[in-house]
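Okay, so chain A shows up in both of these, paired with chain B first and chain C after.
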Partner chain A sequence: MERAVPHAVPLGQMEVFQALQRLHMTIFSQSVSPCGKFLAAGNNYGQIAIFSLSAALSSEAKEESKKPVVTFQAHDGPVYSMVSTDRHLLSAGDGEVKAWLWAEILKKGCKELWRRQPPYRTSLEVPEINALLLVPKENSLILAGGDCQLHTMDLETGAFTRALRGHTDYIHCLALRERSPEVLSGGEDGAVRLWDLRTAKEVQTIEVYKHEECSRPHNGRWIGCLATDSDWMVCGGGPALTLWHLRSSTPTTIFPMRAPQKHVTFYQDLILSAGQGRCVNQWQLSGELKAQVPGSSPGLLSLSLNQQPAAPECKVLTAAGNSCRVDVFTNLGYRAFSLSF
Partner chain B sequence: MYTTALYSQYQRMLSTLSQCEFSMGKTLLVYDMNLREMENYEKIYKEIECSIAGAHEKIAECKKQILQAKRIRKNRQEYDALAKVIQHHPDRHETLKELESLGKELEHLSHIKESVEDKLELRRKQFHVLLSTIHELQQTLENDEKLSEVEEAQESTMETDPKP
Partner chain C sequence: MSSESSKKRKPKVIRSDGAPAEGKRNRSDTEQEGKYYSEEAEVDLRDPGRDYELYKYTCQELQRLMAEIQDLKSRGGKDVAVEIEDRRIQSCVHFMTLKKLNRLAHIRLKKGRDQTHEAKQKVDAYHLQLQNLLYEVMHLQKEITKCLEFKSKHEEIDLVSLEEFYKEAPPDISKAEVTMGDPHQQTLARLDWELEQRKRLAEKYRECLSNKEKILKEIEVKKEYLSSLQPRLNSIMQASLPVQEYLFMPFDQAHKQYETARHLPPPLYVLFVQATAYGQACDKTLSVAIEGSVDEAKALFKPPEDSQDDESDSDAEEEQTTKRRRPTLGVQLDDKRKEMLKRHPLSVMLDLKCKDDSVLHLTFYYLMNLNIMTVKAKVTTATELITPISAGDLLSPDSVLSCLYPGDHGKKTPNPANQYQFDKVGILTLRDYVLDLGHPYLWVQKLGGLHFPKEQPQHTVIADHSLSASHMETTMKLLKTRVQSRLALHKQFASLEHGIVPVTSDCQCLFPAKVVSRLVKWVTIAHEDYMELHFTKDIVEAGLAEDTNLYYMALVERGTAKLQAAVVLNPGYSSIPPIFQLCLNWKGEKTNSNDDNIRAMESEVNVCYKELCGPRPSHQLLTNQLQRLCVLLDVYLETDSHDDSVEGPKEFPQEKMCLRLFRGPSRMKPFKYNHPQGFFSHR
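Then we have the complex of A and B:
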């Protein structure tokens, strides 16, 4: 009459749900804390997880140190972009930008400090925010996304000061040109536009798909990633990953990568890029591929270099994309381990 | 009999004593040796510490040099990239020369055009003069014919009239 107790305990609903969630997770954005010891990662369910880099990198790291210290539901939609100021973590996704205090974020039940929504033209559809950029000189934040405009928000007052219009389709990525305070934006319409922040006007437009050397019509004309180094700019996406000289608007080097790249950054004398392939690619400015380091996700969407001076021992490159794992590269040559949601 | 036992005991005591002295001497020597070894080790330890510190500094220096070298390499590569683009465009001198020669040809051709146009104008005017003179001549001839017709008509009427 007694039922035999099965040896394998069947997975409860909760565990099955969590496993499914992890299987289908995409991590869109990462951000390093101002002290350099923590990494925040935002995923497509709207959750943000905080990982402790110093614990994971220390010599007595165990399996639990590779799990987040705390995970909380930040947004209703995916968290597409995050940046950190010296006290706050700003995250944006479904049309709103929210701020969290780094000092409080590790406590359970953390509430956002404030949330703002830029003035959209139509109130019917709330466009998503794809990219955030901090402009330290004027202490402001630039948001860009689905409504094809760049909005500037002053961080002290929270007021939206400018709306830069010019793109004809949604904006994917932003970059800041330090010397002259200019912002570069790249979008689905295939153009990289440079905006002068002081006059709020478009100063230069580079239509990447019109140049034969780098355009790849079968991929489309969208610009997925941008990075700039004052005189030079590298952009990629539908067209091939190319290095441009900004003053003369000429493409100088084309990097022979077939897969569209989703994130690119300058690092010392190299250009690091990641995209549809599994690897983080390291290029020299001459166009040679210096190294290709495979990661654990089938596609990568964001790279983050922890160069905070306060924590030189946590100086690592982290890469995340179409999986629930964040790969940590301590030395650019190989993947040391992965943190997981 | 009595004395030999005592003597042997005495000998034994002496030998034990001397053994004790010997082993004590040995231990003292070993102790000295250990002390000196300790000093030696301390010295070596300090030397190694100094060389470790020196190596650390050299590593920091080398790291700075590597950063500097990477910066230089980056600048060189940027220069190369721009130089490649510039090379694609033709040399400035040649283009200037071509521009000059083209300019001269253009001038020459415009001179020729002007002279041809002048000639054309001249010919046109001459034809105009010719044609107008022909017209006048025609007119005069017609007038003359008319006059002579009228005169003839008058003569014939005068001839018929004066015969009453």
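Then we have the complex of A and C:
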């Protein structure tokens, strides 16, 4: 653990406050730059930090390489999700989505390119945006969050084209099924809903908590994470992490993980998941646990795989969650080092 | 040899050749005196050339005769023998001739040698004479030069120059007409004048000395007069004291203080001057006084011989008795330590009066051998304070001033040179003596104008007024804030121990009207115990739990739920906020490592503390944090999502008004209270 214990420095007011901030920081979202060399991380104070992966992974990396190249205040509230297009970084948190140019983002005093707020129904409280999804074929962005709707926004014009309603409680996560094209959304109400983008209608609903094999009532019914691989879908959260066959809506494999999972993704022939508890879990499709690799945060909220073709030397898995650190795994077997805010 | 032999044979030859009728053999010596044949005389007469011819002729004859003999012998015959005999006799004669010639040659040679020898001797004699004469000449020359170089004493005297001499000397000494021409006379005259002048000056000198004596005597008299004046002036001053008091002008008192201040060591003096100046100029609540014995201070600088002279006898006796009982090594070391840690007998006392009539008494001491200053503090309040159990350390003299500036814990000596001194007498650290001597805080050194650059022991550190002045105002303000915040905490702790969180009326808006969770316990815990708790590891690793901090444990309860809160109180409260770490026991144990909402609650209290500061000087921070903790526990318990599988109603029905129960990927509870609408929302 490379946590330094600064006993020798007398702590004045500023140092104590900064130390407390770092202790209570949560990193909610990550996104890799189109060139593959930089990683953006967004935290609960609304700050975005850009780390240089190529500098941190190079052989001359020093302690400063594990610090952000630049940190700026992006939003007033927490930055719950981020995605990258081939030129922009889109970040969303408290109710609005902002775009930043990757080419400009390393300069100090960078301003957002544009910001948009979807049309909300309620006016008392601004709902948060929990998930962003890019639909490359349509060049549009889907936002979902606190107001229980999925909004689609055209990236060229910035106009909000559709609002898909159906969830009864706020939406946690989104996933894209390329072939159809369909969008899957999972929410607090415990249901995974599939939407057809062309017709803007709900085509399928899976109420996970109603299936006895996977439901865990003491955790709740909320769906925290979703991932899909054309015919298959894996979801988890309050109920156990389960692999579903979409066409038949049946759970095929239940992964024996007690802690609720907050992020899940398909990777090659494995499923990677992370959630409450320190570890990144690697599962075989058959339901066997292949490996559990501990990270440095007591709970993980987001995983990011850098698969950009432009930077094969930066092909790493990064995990972040309930701390100010982003764990970097160069090889899925162990944690190489941690970047830190 | 041959000449000797010829000499010995000489008398025989002489007798045989020339001796007429004498046949007696006499000693050769005596005969030589009388009539004798001198071959030497003969040598003179003969011509060496002719002798040489004769020699050649004789040799030839000999050769011829030998040849004839040879012939005859080889021929043989009767009359040969006669012929041979004849010739033999002739050869013998020739041999005789040769011998004579040989003698003559030898004699000639001897003569020649003798003559040479004589001549040489003569030459040698002359040579010696020459040398003697030369030596004498040299000697005489040296003498002459010596005489010429002789300097008479009179030339060492620095005489006045010629012109001056002629100008100044009276005519009977200078005798110009005589001296001008004759340098000898001139010099004599000048010497004369010199003597005259010196006599006159000696006179003058004696006169001046006597003058000086006279004047000294006069001065003495006047001094006595003045000193007799002093007691009279004093009595006048004494008489004027009541008048001064009557008119509220304590000049005398201030004057006395300045008098004693003169005996203060330099750092204390700087402190005294700066503090008095600050008190007069900016802050009327500051009062400065000097305590201690002035006589002892004076005694420090008195040379030791004075006291010894008076009591030399008794001293000698005492020395003898103490020498018999040799002190043990430990006692010696102890004495050395005491000597090293000795304090100057005078100390400066500062009294800071705060708004609520409580006073902070600071006594500053100066450790002479270590060249540092220390302070002892005491807080007195207008009314008697009943100390609650948990507030024991708040106002204790040991810790009330700890960390006034960050990191200034006052347990180590600030002077790096002291470490070497400590090693000599076996003192490990000043910490052991701090209770007795006072704390050597860094700000105390700065107020005394002492500056110790890190890592560079200096030999003499001079007390600097400007350093003291630049720190005076900040330090005084900090001291006042410290005392007031400690007193406020004192009062609050008294209330907390009874389970009441004292929230002032102007802070009520931060909390909802109804708060059900109650504070049940409030105790101090030790630093080591805090480090042992399992839910405080993050704080410890971040370096925020140092041994200068104060640690407390609070227990908040509602129904079956028990919330433990470990509190770190930094001495710099309230500018540095207290830090809370929570552990909830309800349906299992939840801490910040396994429950995101507990983490959010800690964040609400630790990170968002600025909202809870209340009106300046923000003494309400701790109590507001505790109240908020109770509110947060209420929200947590009431918004707990109901587990459908478990039978029975919820333990805590929701009474708080919340817009949404969960938000965001971590499903946070609504912890933020909105005033005056009174509902809870998310940050």
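Note that in this section the second predicted complex is superposed on the first by the 332 of 341 C-alpha atoms of A that agree within 3 Å, B and C clash if a C-alpha of one lies under 4 Å from a C-alpha of the other, contacts with A are read in each partner's own complex, and residues count from 1 in each chain.
Note that a contact is a pair of C-beta atoms (placed from the backbone, for glycine too) under 8 Å apart; a residue touches a chain by one contact, two chains touch by 3 or more.
Keep in mind that what you see is a predicted model, and the values were worked out from it rather than measured.
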item: Clash or fit, chain B versus chain C on superposed chain A; value: fit
item: Touched partner set for A:146, first chain B, second chain C, both or neither; value: second
item: Partner chain in contact with A:322 - chain B first, chain C second, else both or neither; value: second
item: More chain A residues in contact - chain B or chain C; value: C
item: First (chain B), second (chain C), both or neither touched by A:245; value: first
item: Touching partner for A:298 - first (chain B), second (chain C), both, neither; value: second
item: Partner chain(s) touched by A:286 [first = chain B, second = chain C, both, neither]; value: first
item: Touching partner for A:78 - first (chain B), second (chain C), both, neither; value: second
item: Which of chain B and chain C A:23 touches, first, second, both or neither; value: second
item: Partner chain in contact with A:218 - chain B first, chain C second, else both or neither; value: second
item: First, second, both or neither for A:268, with chain B first and chain C second; value: first
item: Superposition-derived minimum Cα distance between chain C and chain B (Å); value: 27
item: Shared chain A surface residues [contacts with chain B and with chain C]; value: none
item: Of all residues in chain B, those that touch chain A in their complex; value: 67, 70-71, 73-74, 77-78, 80-82, 84-85
item: Touching residues on chain A, where the partner in the complex is chain C; value: 3, 5-7, 9-13, 15-17, 19-24, 26, 28, 77-78, 80, 124-125, 128, 130, 146, 170, 172, 188, 217-218, 220, 222, 224, 262, 276, 298-299, 301, 322
item: For the chain C and chain A complex, residues of the former touching the latter; value: 403, 405-408, 538-539, 541-544, 546, 570, 572, 575-577, 579, 592-594, 596, 599, 602-603, 606-607, 641, 643-646, 659-660, 662-667, 681-683
item: In the complex with chain B, residue positions of chain A that touch it; value: 231-232, 243, 245, 248, 250, 252-253, 268-269, 284-286
